[in-house]
Amino acid sequence: MALHFSGNMMEHNLFVLVDLLGTLAFAVSGALAAEQKRLDLFGVLAISYLTACGGGVIRDLCIGALPPVGISDWRYLATSALASAIAIWARPMIDHLKQPIIFFDSLGLGFFAVVGAHKALGFGHNIEVAILLGMVTAVGGGVARDVVLNRVPIILEKEIYAVAALVGAAIQVLGQRMDWTLTLTPWFGALICFAIRTLALHYSWGLPVIRRSDAAQ
Amino acid sequence: MALHFSGNMMEHNLFVLVDLLGTLAFAVSGALAAEQKRLDLFGVLAISYLTACGGGVIRDLCIGALPPVGISDWRYLATSALASAIAIWARPMIDHLKQPIIFFDSLGLGFFAVVGAHKALGFGHNIEVAILLGMVTAVGGGVARDVVLNRVPIILEKEIYAVAALVGAAIQVLGQRMDWTLTLTPWFGALICFAIRTLALHYSWGLPVIRRSDAAQ
Amino acid sequence: MALHFSGNMMEHNLFVLVDLLGTLAFAVSGALAAEQKRLDLFGVLAISYLTACGGGVIRDLCIGALPPVGISDWRYLATSALASAIAIWARPMIDHLKQPIIFFDSLGLGFFAVVGAHKALGFGHNIEVAILLGMVTAVGGGVARDVVLNRVPIILEKEIYAVAALVGAAIQVLGQRMDWTLTLTPWFGALICFAIRTLALHYSWGLPVIRRSDAAQ
């Protein structure tokens, strides 16, 4: 796998680390959402895993990286289980973070955008595929979570979200094309994505909504 | 790509043209639905793109055409952006068409059914795969749109819809097996599909609904 | 296909039989759910087919068995059509079974878990992939049905369900690793899964629900 993904083992390890950090962040976010819906223990773990790995599975299906790494590498499932445990038993700790779901979402967003873009490039796909699938890696799990929990996906209604992931993925692609230091590029891309998302939340930045007088269907 | 898809470049170009016309039609339909839900600018573009390319992505995943052409070929994304712009800024023009969402849906339905069936045959799959995936190409994006927007898919409740796509896909498969003129077959299949759908709407044709006295779950 | 799937034709036939039995069970379950939603004839067939084949299609996409067997092998579609006919015209017979949807779900659950695990192993994937995709094969169709019909998936809220499929898939994997008689292993795994599910229903076994005072979102 490492050989397909990247010729450089140290670089490969860096991206796995970033990917697992993003997985942890999204898995906590998913587990908290599942708890709020009063799901049982399995439901919490399943939604946590879906939120964390759903975007990556879609990415891997699209680039032909089969089976998807979220399914074949035990560390992703284990990370989801850990996150569920944190969300259940260390909840008081998490409660100190304001709006915990959104915080963990923002953190994972940046990590996943750069990892997704990097992996798509590593499989030899073009810039458009890398940027789009970087964004899909980042937002896919959250959309899957919302669809399964019967909510209109949060990314379609609220503050700038997917656009931040798009920027993060684009920075990663740009960095690899420009031969920036590969060790720093992903942290930089993830940081910018996180910053955009957090500022958007804080200042309620949003894209314009098209308002019409016609009634909703 | 052209070589896998078809040995004949002119024929290939014809199908890309038909595919982009269908993409435009569905993208406008998706953008209008997103506007009605009061989504922001990104939401309108995302739902437009999902409606236009969702069915084709499912088809490409199933036949192993990776990455899906809707993601790797910039013209599909550009067409969705164009359609979103039309839906937002040229809306008064569109309003002159009665029931615009449904009209654009019907138009795209026929185009996508024939393109999907043709592509599946081109990848060497059997008749069943071609007809089913032709229908999925045509209805998949609309189902994805409705699922994401939290509605029961329109195709499951209303007038004859997927059946029209099935007929369109079957005509394309039949035409290729019978060696009909390949330049005319897709237009013929798409036209029949559009006609069935439009007549079904006009005369409220529908398939029988199984009514029971037992309460819904 | 048989050669990839298994070197032994008799064993292959056994798994196809078990798979078609599961397909019939899930297809009846799906058709009944669609009827309750007052869908039309096409809607009943589509939901029946989606419930029966959705999990297997996800499995096949993930292991690279393209096109998914549920789409390329006519027997799966024919079985769904048969099940829809049964659900519509032999309904009085089915009504004698208490809670028919859940009964057929439980039956299919066990069959699909063992078939899914067996097929993933046959494609050379590891134990985790086999167990997870065995479970996904079993629960994926039902989740797809619930998502499309706009319900929170039943497996996330109710009695032990996916966990039973997990156990069934694990028994199949264990059996193949331990060289148990391949003719008996799938029936054993499916039986244990069905038993767990049925007992869970009867005694209202459930996993603990995490209750909090914070309001649902």
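Labels for the chains are A, B and C, by order of writing; each one numbers its residues from 1.
Note that in this section a residue touches a chain if its C-beta (ideal position, glycine included) is under 8 Å from a C-beta of that chain, and two chains touch if they have at least 3 such contacts.
These numbers come from a predicted model, not from an experiment.
J.: On C-alpha atoms only, rotate chain A onto chain B and read off the angle in steps of 5 degrees.
T.: So the copies are related by a turn of 120 degrees.
J.: Give a one-word verdict, same or different, on whether chain A and chain C use largely identical residue numbers at their interface, taking over half shared as same.
T.: On the two sides of the chain C and chain A interface, the residue numbers are mostly different, under half being shared.
J.: Between chain A and chain C, what distance separates the C-alpha centroids? Give it in angstrom.
T.: Each chain reduced to its C-alpha mean, chain A and chain C end up 29 Å apart.
J.: Taking each residue of chain B in turn, which ones touch at least two of the other chains?
T.: Each of 61, 147, 150-151 in chain B touches at least two other chains.
J.: Which residues of chain C touch chain B once you look at their complex with the stated criterion?
T.: 33-44, 46-47, 57, 61, 66-68, 71-72, 74, 77, 88, 91, 101, 147-151
J.: Per the contact definition, I'd like the list of chain B residues that touch chain C in the complex.
T.: Against chain C, chain B makes touches at 61-64, 120, 125-126, 128-129, 132-133, 143, 147, 150-153, 155-157, 160, 162-163, 206-212, 214-217.
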